[in-house]
Every structure is written in C-alpha cells, then in structure tokens.
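One chain, chain A, links the two complexes that follow: it is found with chain B in the first and with chain C in the second.
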Partner chain A sequence: MIARPVVDVPRRGAILLAALLAVLLTAPWIVNDYLITVLILILYFAYAGQAWNIMMGFAGQLSLGHAIYVGLGAYVAAALFTQFGVGPWLGLLAAIPVAAACGAIIGYLAFRFGVAGVYFAILTIAFAEFARIGFDHLSFVNASSGLFLPVTQHGHNDLWRLRGGPVMFYYVILAATVLAFALCRVLLRSRVGYFWLAIREDEQAARASGIDTFRYKMYAVMVSAAVTSFAGVFYAFFYNNLFPEQVFGISRSIEIILGPIIGGVGSLFGPIVGAFVLTGLAEMLNTVLMKFGVDLPGVKQVFYGICLLFVVVALPEGVWPAVARRLGVAGERR
Partner chain B sequence: MPFDVYLNVAVGGVLTGLVYGLMALGLSVIFGVVRVVNFAHGEMMTIAMYLAVVLCAGFHLDPLVLLLPIATVLFVFGYALQMGLINPFIRRPEHTQFLLLVALAIIIANTLLIIFGPDARSVQTAYGFQSFQIGPLIIDAAKVYAGAAAILFTLALFAFFRFTRIGTAIRACADNYTGALVVGLDVKRLYALTFGLGAACVGAAGTMLVLIVDATPMLGPGYTLLAFVIVITGGLGSMPGALLGGVLIGVTEALAGLFFTPSAKSMFAFAILVLVLLFRPQGLLGKRVT
Partner chain C sequence: MSALLSVAAVSKRFRGLVAVDRVSFEVAEGAIFAVIGPNGAGKTTLFSMIAGAMAPTDGVIAFAGQPITGLPADAICRRGIARTFQIVRPFPALSVEDNVTIGALLHRHDVAAARRRAHELLARLDLFDKRHRLASTLTLPDRKRLEVARALATGPRLLLLDEVMAGLRPTETDRMVAILKAINRETGLTILLIEHVMRAVMALASRVLVLDHGTAIAEGAPESVVRDPAVVQSYLGADAV
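After this line comes the complex of A and B, so read on.
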C-alpha cells in the first residue's frame, strides 16, 4: 500500500521526476525571493489544477465553478482563525468536510436529476456565483469589505499557525503538490480510478457493466472538492486577505482550470506542466512589456489570450502529451 | 411602499428583460445549432455597446438608427469567427471549446480596455429623460423603444428560421448533423451563418442596452452568465423561451433590487437557474430530449 505511488513508474520518468523534485527542493537556495513567490504561485495552480483534474480528467465531469471550494476552504479556515483563534491545520479539518459537503450537494442535485455535460458545467458556475454574492452579504465574515488575517513580523516561521516568510509557504505548497500528485496516482490505479475512467469514456457502458455511476461520480466531486479546499486554506494564510469578489469570482475558477487544460486534461503531469507554462508565460510577458516600457492596462492580457489561442489551436490535447512523447515517457495512460 | 411602485419597477424589468432575452436568443441559436457554448457572448455584446457609444458620440446618431448597421457588423464578425476559428473545433471536447472561447473573450475585453480605458461610457439621446405616463405607470421612453426593438428583431429572426430556405436548412443541421451532410447541405457555411445570426442578436441587444446601462470593458463575463441563466431558464433552442426567460430574469432582478439590495439581485437569478435545472432541466418552454 505504501509503495503504491511508486510502483511501475517508467525508469526515465522516475529519473526526470527525481531531478525536478531535487531542483524544486533546492530552489530557495538558488533563486531570489521574487522567483520564490512566482514558484509558490505556480505550485498553487499545479495543486488546484490537480484537484480539479480528479473531477474532469478522471471522471469526466466538467466543473467551471471550482472557486467555490477554494473560497469555502479559505473562509472556513480564516473565520475560525480570526474569530476563535483556531489554527490553519485544525481549520483544514473543518474546511475539508464543508467543501466536500458542498460538492456533495451540487453533485447530488445534478446527478439525481440527470443534469449533465454543459448544463452541469453551468450549474457549477451558478453555485459559485451564488456563493460569491452570498458571502458579499454575509456580515459574519465582513461581507464585501473583506476578511483580514493579522499580519505578524516575518521574524520566525511558525509552521503550526502558518505565519512566516515565503520560503516556509513555498515548502508547504510544494509538499501539498507532491502529496496531491501521489494521491492522484494512487486513485488512478485503484478500483475507483478505473470506474471513473470508465464513466468518463462512456457512462452508459459503465452503467451497463454494473458500475454505480451515481455513487462514483459523487465520490469524484467530493474528493475533488476536499482536495481543493486546502488550496483555499493556503490562499487565505498566504495572502492574509479575502474578498468574496476575489476568491469566488468566475475568473478565479477559470484560472484554476486553464492550467490542466493547457497541460493536458486527465494526465497526472498535465496540471503541473500547465501551471509552469501559464504562470511562466504571464511573468515573461510582464518582464518583456516592462522592458519595452509598455504599462497600458490590458496589453499583457491580450498577449496572454493570443498565446492561449495559439496553444489550443496547435496542441488540442495539451502541452504534456506532446512533451511526453518527446521525452520518451509517454507510457502514462490518459 | 405603494403598489404602483412595484408595478413601475416590474414593467421596467419586463422591458429590460426583453433586451436580455434578445441577447440570450443569440446564445440559444448558436448552441442549438452549432452545439458550441459561446463563452465570449458577453464580450461580443460589449463590442456592440462600444460601437454604439462611439457612433452616437461621433456622428450624433441615435442608437435606434444604428440597430441594423451594428447588427450587420457583428454578423460579419460572427461569420468570420466561425469560419476561421470555431469550425475546426465543433467535434472536439467541450473543455477545448471552452478554452478557445475564453481566450477569445480575454482578447476582446482587454482590447476594448486598451482602446477605451476603464471608465464607463454612456450615450445621450433626445428622449433620454422622457417618459410615457399610462394611468399610474411612468415608463422610461428609452426602455420602451429598446423593448419594442427587441421584440421586432426576434420576430424577424423567427420568420427567417421558419419561412426561408436557408432558415429551414439551418434547422435541418440542428436536428441531424449527419442527415444534413447526406442531403448535401454545406454544414460549415450554415454553421457560420448561424454564428453570424447569433452575433447579430447580441449586436442588436448591445445597441439597445446602451440606452439602459453604461458601457465598460469588463461587462462581458456578467452578461455571458446572464445569457446562460436566461437560456437555460427559458429552454435551450426555444426562441420564445429565450424571450420569456429574459423577461422573467429581468423582472426578478428589478424586484429583488427593490426588496433587498441591488447588489444581491443576480443571486435571485442564479437561484431561479438552480431551481429550473433541478426541476425542469429542459427549461420552461424547452422540449425534453432523451
């Protein structure tokens, strides 16, 4: 059971993975604080993308409202911290069931009534928007004026209360990303994982061969929501401020899912590669535009959009499958 | 509050809702035929709104005069978009189409931001402050014109789909893709025409909407969502359904803004969407497809 995440990894893949992990582990000694912040952002999106991928990539259920699970995780942990002084890790223990329950409600309503495909995707947006406006008027968490976590001096790192400098946050999100990756690998090779893939490929055939599709789709939504909620807890304690508009907004949901789509939906490396490509692209555009002295609002986003357009036209399966074939590690099943 | 206040707000909501309905009709036509969800719908409408603002300010034209020209411009835009970009994507998975249209939406919104800046723009019309009085009702003239234009445009589109050969051909594509190919229809061109017509609807709706709201570059996502809500409420593929959904959402938002706070009004629209999806997934006027 313990060895499961590492069994039959292709040799070349294992070496590349170890090398990548070594680079990421030593990064704080190599690069400056700015790049650490960028790496935190990349790993955050890799983590959230991985969580989203459980639902869409494995079980084929397109969620366009994943910000709701990030937001619930963030608000539950932050509210417990500011109102009752409960630390983030205990807060996470509360956030996970809340997010999973929310996922269960959405899943139950949708799958019971046969809401599927595009309709399901729009239902998830509707719930996220509903939560955004709801939190905008919830005075317990300061409504639209925002919830702020007390900021302390970056003198020492308090891992238990998640107060400290960027390097600590870097290792926290790196550990989370590695864990999420391992979890997804285990899931994908378990009984549940095979059922999910069967549902993704052909739901009717899956049901005909005796899979309780309702139950396994519910599992997918709940696991995905639970894993996503940690991204919210991390977000709250890293940024120290929460606004419903910023956390639940539709653009947040889109940000989360762009990575895995660009990287390659359904693959384990897709979300990670996608996060590197997209955040790297955004930062590169920043640097280039700054060099040319362009600081008109919107210019960066236009280039970003054009790059997205280019990727989706040129590599409809995502970046990772193409890269994997080049590296000779394409053995990973999609 | 006296009863006639509610009535006034409700009538205003109906008229605004008709314009919403026309916008949503575009989405419905595109999804019903091409089977692509246009995630750039709201952004296409902001293009129309800015065209209206610029032309009104530059040439002192009335938005009502600009209705058809702007709808035509958007038709050409939509046609070219479907021919050039979207046609290769029609058989691809939904998330790939989603990415394509989101990329397009980002480009449109930010290009508008670069050109016009973040400030809100509005149009001045001769009838901007006029109103009609019918008994206890006082209705903005601008809203009446906008609502009437929306109804006329919808009727024209309905007649096109019902009575012309091309309209019939498009409906054939929607009913049976393979069948349409077999009888020799040029499906890709018909898809482009459909996307163009859908874009023309948002073009017309956007032109009317500047009479009611100010144009800002980042309006897009909100209206895209609103169009989804309306179309699903009314029933995808049903033309009267889109108008009915628009009116329903328009009235709901107007009354919610009156009873609660205006900032919470779209929560009620989403609540309606959730209820409809759960209890009548095919929409109020939609046909159940198995």
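After this line comes the complex of A and C, so read on.
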C-alpha cells in the first residue's frame, strides 16, 4: 500500500512546521546580523503576502495596489509618533481602521458598480497612485521630502516604542507572521472562508447558493487591508524613514504579490515559501555578486522576472503545492 | 392546496425579441412541475427570472405569498429557492464535500454541522465515496448530481432543476428520477424542472407546462399534454397532427 493513513498528513505537516519555527526562533543565536536583516525582509514579505492572499487567494479579488495599505499604516503610525509621541502599538490601533476604511471605499466603489477582474485590479492601482501623489503634497507629513523617525542607539531595546536593534525587529515580525498564518488558517476554515472560496471559484454560482457576494467581498478587502496595515507600521519603525514615492509606488505593490504568486496563491504556506525562495535567493545572488565585486543595478528585478517566468511556465500552481506533495504534506486543504 | 410559486403574466423582452410572453402558472406545494418546450421556447429565460438571475420586463413572481420579482439571486436562494445550472458550475478547485458544505453553511454557522449535512446529501446522491475528489475531476453525470446536492444543501422549499437529465444515460436518468422522487415524497420538497428528456418528465412530473415561442400553449397532466394537438404541432410540425 502506497497510500498513507489520512491522519499522518497533518501530523507530518505539524512536525515540519514546528521544526521550521524552532529554527526561526533560535536564528539570532546562529546567524550574523546581516542574515538577520535578510530574515526580517523575508518575514516582512511573508507577512504582507499572507495579508494580500486573503483578498486574492481566498476571495479571488486581485489587488495590484496593496502598497496603499502598507503606506497608510506606515504614515498613520509614523505621524502619530513624530507629531504626538504616540507609540507604534497605539498607532497600529489607529492604522487598522484607516486601512480598513480605505479598503471599504475601494471595495464599495468596485463591487457596487460591477467593476470586476482586470478593471478591479486597475482601480486598486489607481487608488495607490492617488495616495502616492496625495502624500507627495501633504505637508503635515513633510510631503515629498519624507518623514523621519528619530533614531536611537541600538544597545537598548524598547519593545513598546519599537526602538532597538535588528534582533528585536526580527522577533516582532516573526511573531506577526505566525499570527497572520494562524489568523488565515482560522479564517479559511470558517464560514466566511468557505464563502470566500465559493466567490473565488464562481461568483454567479456562489450567489445562486445564497451567498451575499457583495458583503463577503467587502469583508475580504477590509480584513486584508487591516492585516496589511501592520506591515506598514513595521516598515516605518524599522527603516525610520518614509517617502511617498517609495512606500506607495507600484513596484512596492508588485513586490508584495510576487511571494504568494511564486509560493502558491490561495495556500497558507504559499506566501511564506514564496518569500523565502524569492527574497532568499535574491539576497544570495546579491552576496555572490558583491564577492566578485560586480555591481549591476537592477539585477534583483531581472532575477524576480526570471523567477516569475519559471513559476508561471513550470509550476503554475506555485512552488509550495509541488513541494508539499514531495514532502508528503499535501493534505493542506486547497 | 395553496400555490408555493405563482408566476403571473410574466414577460421578458430583449430589445425587440419577446423571449417570454405573459406566461402564468402556479406550482402547488409538494408538487413536481415540469416546463417543456422546443429549443428557444423561453424555458431558461423563465427559469432565470424565477431564480433572480434576470428581472422580468413585466409581471409578478410570488413565492410563499410574497412577491420576489426582481430580487437578486442570493436573496431568492435565502428565501428558499435553490437552483442548478443548465451548464453545470460547481466550484471546480474545491472538493466535492466542500462544494456541498458551502451550500449547507447558508443556514448553519457551524462548519462541522454543515459538513455533516453535506455528508448526508452526498450519500443520498451517490457521491459519498467521491467526496474528497476535486469537483473539476468529476464526470458530467457526477457534476450534475453534485449541483443537485449543493442546491439541496441550502435547505430550499422549492428546487429549480435546469435540464439536470441532459447528457445522462437512460440508467443514470432513471437513478436521478428515483432520487428526486424519493426526496419529494419524504420531505415534501417542491420541484420545478425544465427538461428535454421526456422519459424523465413522464416519470417525475405531476403537472406539465408547455412553452413555445415564449408563450404557454398547454398545461396539464403529462399524459394529456403530450396528446394535445398544439403540443404535437410545436414539436413535430403541422404535418404530424
């Protein structure tokens, strides 16, 4: 008999997941500061990709302007911090409703007036561009000259105010990624999750099954936007500077979605695997090139393009479903 | 018996073309009612108006005494009218079980309870053994059965079946007829079907409405309707009468 008992599949998956988590938890003792920075970047993209995946992977609504929610989260928290001395966690409490409200506006306009598919994706780009140009002229947050957070000495980690060294930021983004994964798992197995999948698969059939598709698409956009906003808060406090050109730019939106597309849209591990593959390999490439003293601007973008091309042609479902089958953990639903 | 569904002088015009012209009929609670007619008679248009996929140009559709004319499809389903599609549209990348669970979640908030209900219905439709397969991998007869199971999972009082027998072999048709008859007998579910397969219509329906060029040309018991000269003419041409 080749077939394994069904119970083995989640068990194997759980063991692998625990092992991965253990490695990630102990990473700061194993690797140097540079690699921690790379891991922060990987987890950042895993987190943002997971948030984007709620909209696209679960509910089938393609957002190509997700940078808007990152940017809003970043600017709300950073402005509260620099102008009023409000800490990032309280700032997050403000950023979440702002991002969700923005998602609600975009969603309402699109879903009420039947803007779907490619046109919906274009609408999301348009809003991100509005935000970029708008913030470029918003003097309250220093417009195009950028918003800077005061940088303190690294020796002292202040978790409450998110001021400190890379290891602290590493654990913060690790915790966020784990939480986002858990949240998505719960959502996917809930009534809402089933309705999202129905809408993704066939919206007309979903309606014929009694699902109020407008309402559930609105939930998807708002939840996705709210979760994404934390990525922005993290970004602001990690990099300490914000420029509208950078945070709201279309290339930011594309970077967010590359991970889940390469890892596997709609699966829980896809965004994580995609972030590791893409950012991990890109940084390795960078290191190798630096060793040989080669400086090629744009090499990362070319590399992303090649990765994308490879996945689209060879693994249209993404890397994770293929890997999962190899590992014998393909039991992950959908 | 009171009418569960009442269609009163319903018309649908597409620019110049009158697809359905002042059609009226009533479906009694617990009945199995068939709408037949040649291709292009307006059956699917009529069906789409009842299911809320399109709004009538004129007329009133009432369900359980309440007007439902022009309500969206999801609102109509929540009121208790479930449908299948002529060209089947299961959720392709989901398992058979998940397809039916989604239907069962309409009036249930607990996923485990919905899954149990889905299992009951899958057993009923002979799909239980295939419950872990992806819907896209099923054969056409199985996908038709899956659509019926998903529609039933929403807990309807009226089930609309759009050519659910088309493409089935005679033995499969007989099996589907037996299943639908048993559900109708045991639960009192009212069924409205559009059908080309006369074998199924004769075996299932207690009452038949015949449409031709958008108008109702006959209504009655299946045996008398098939002998009606107007019906024979519409199907076989004037020479056959």
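Throughout what follows, the second predicted complex is superposed on the first by the 318 of 334 C-alpha atoms of A that agree within 3 Å, B and C clash if a C-alpha of one lies under 4 Å from a C-alpha of the other, contacts with A are read in each partner's own complex, and residues count from 1 in each chain.
Keep in mind that, in the parts below, contacts are C-beta pairs under 8 Å (C-beta built on N, C-alpha and C of every residue); 3 or more make two chains touch, one makes a residue touch a chain.
Just so you know, these numbers come straight off a predicted model, no measurement behind them.
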With everything superposed onto chain A, say whether chain B and chain C fit together or clash.
-> fit
Partner chain(s) touched by A:Y119 [first = chain B, second = chain C, both, neither] | first
Using the superposed model, determine the angle chain B, chain A, chain C defined by their C-alpha centres, to the nearest 10 degrees.
-> 80
Just chain B (first), just chain C (second), both, or neither: which does A:Q204 touch?
-> second
Winner on chain A touched-residue count between chain B and chain C: chain B
Touching A:G328 in the superposition: chain B (first), chain C (second), both, neither?
-> neither
For A:R189, decide between first (touching chain B), second (touching chain C), both and neither.
-> second
Pick one for A:F127: touches chain B only (first), chain C only (second), both, or neither.
-> first
Where does A:V312 make contact in the superposed view: on chain B (first), on chain C (second), on both, or on neither?
-> first
Least Cα-Cα separation in the three-chain superposition, chain B to chain C, whole Å, stands at 11
Which parts of chain A are in contact with chain B and also with chain C?
-> none
Per the touch rule above, chain C residues touching chain A in the complex are 51, 53, 72-75, 77-78, 82-83, 85, 89-95, 98, 101-103, 105-106, 109, 111, 114, 150-151, 154
Per the touch rule above, chain A residues touching chain B in the complex are 56, 62, 64, 109-110, 113-115, 117-119, 121-123, 125-127, 129-130, 133-134, 136-137, 144, 250-251, 254, 257-258, 261-262, 265, 296-299, 301-302, 304-306, 308-309, 312-313, 316
In the complex, chain B touches chain A at residues 31, 37, 85, 88, 92-96, 98-100, 102-107, 109-114, 118, 217, 221, 225, 228-229, 232, 261, 263-264, 266-267, 270-271, 273-274, 277-279, 281
In the complex, chain A touches chain C at residues 189-191, 194-195, 197-198, 201-202, 204-213, 333-334
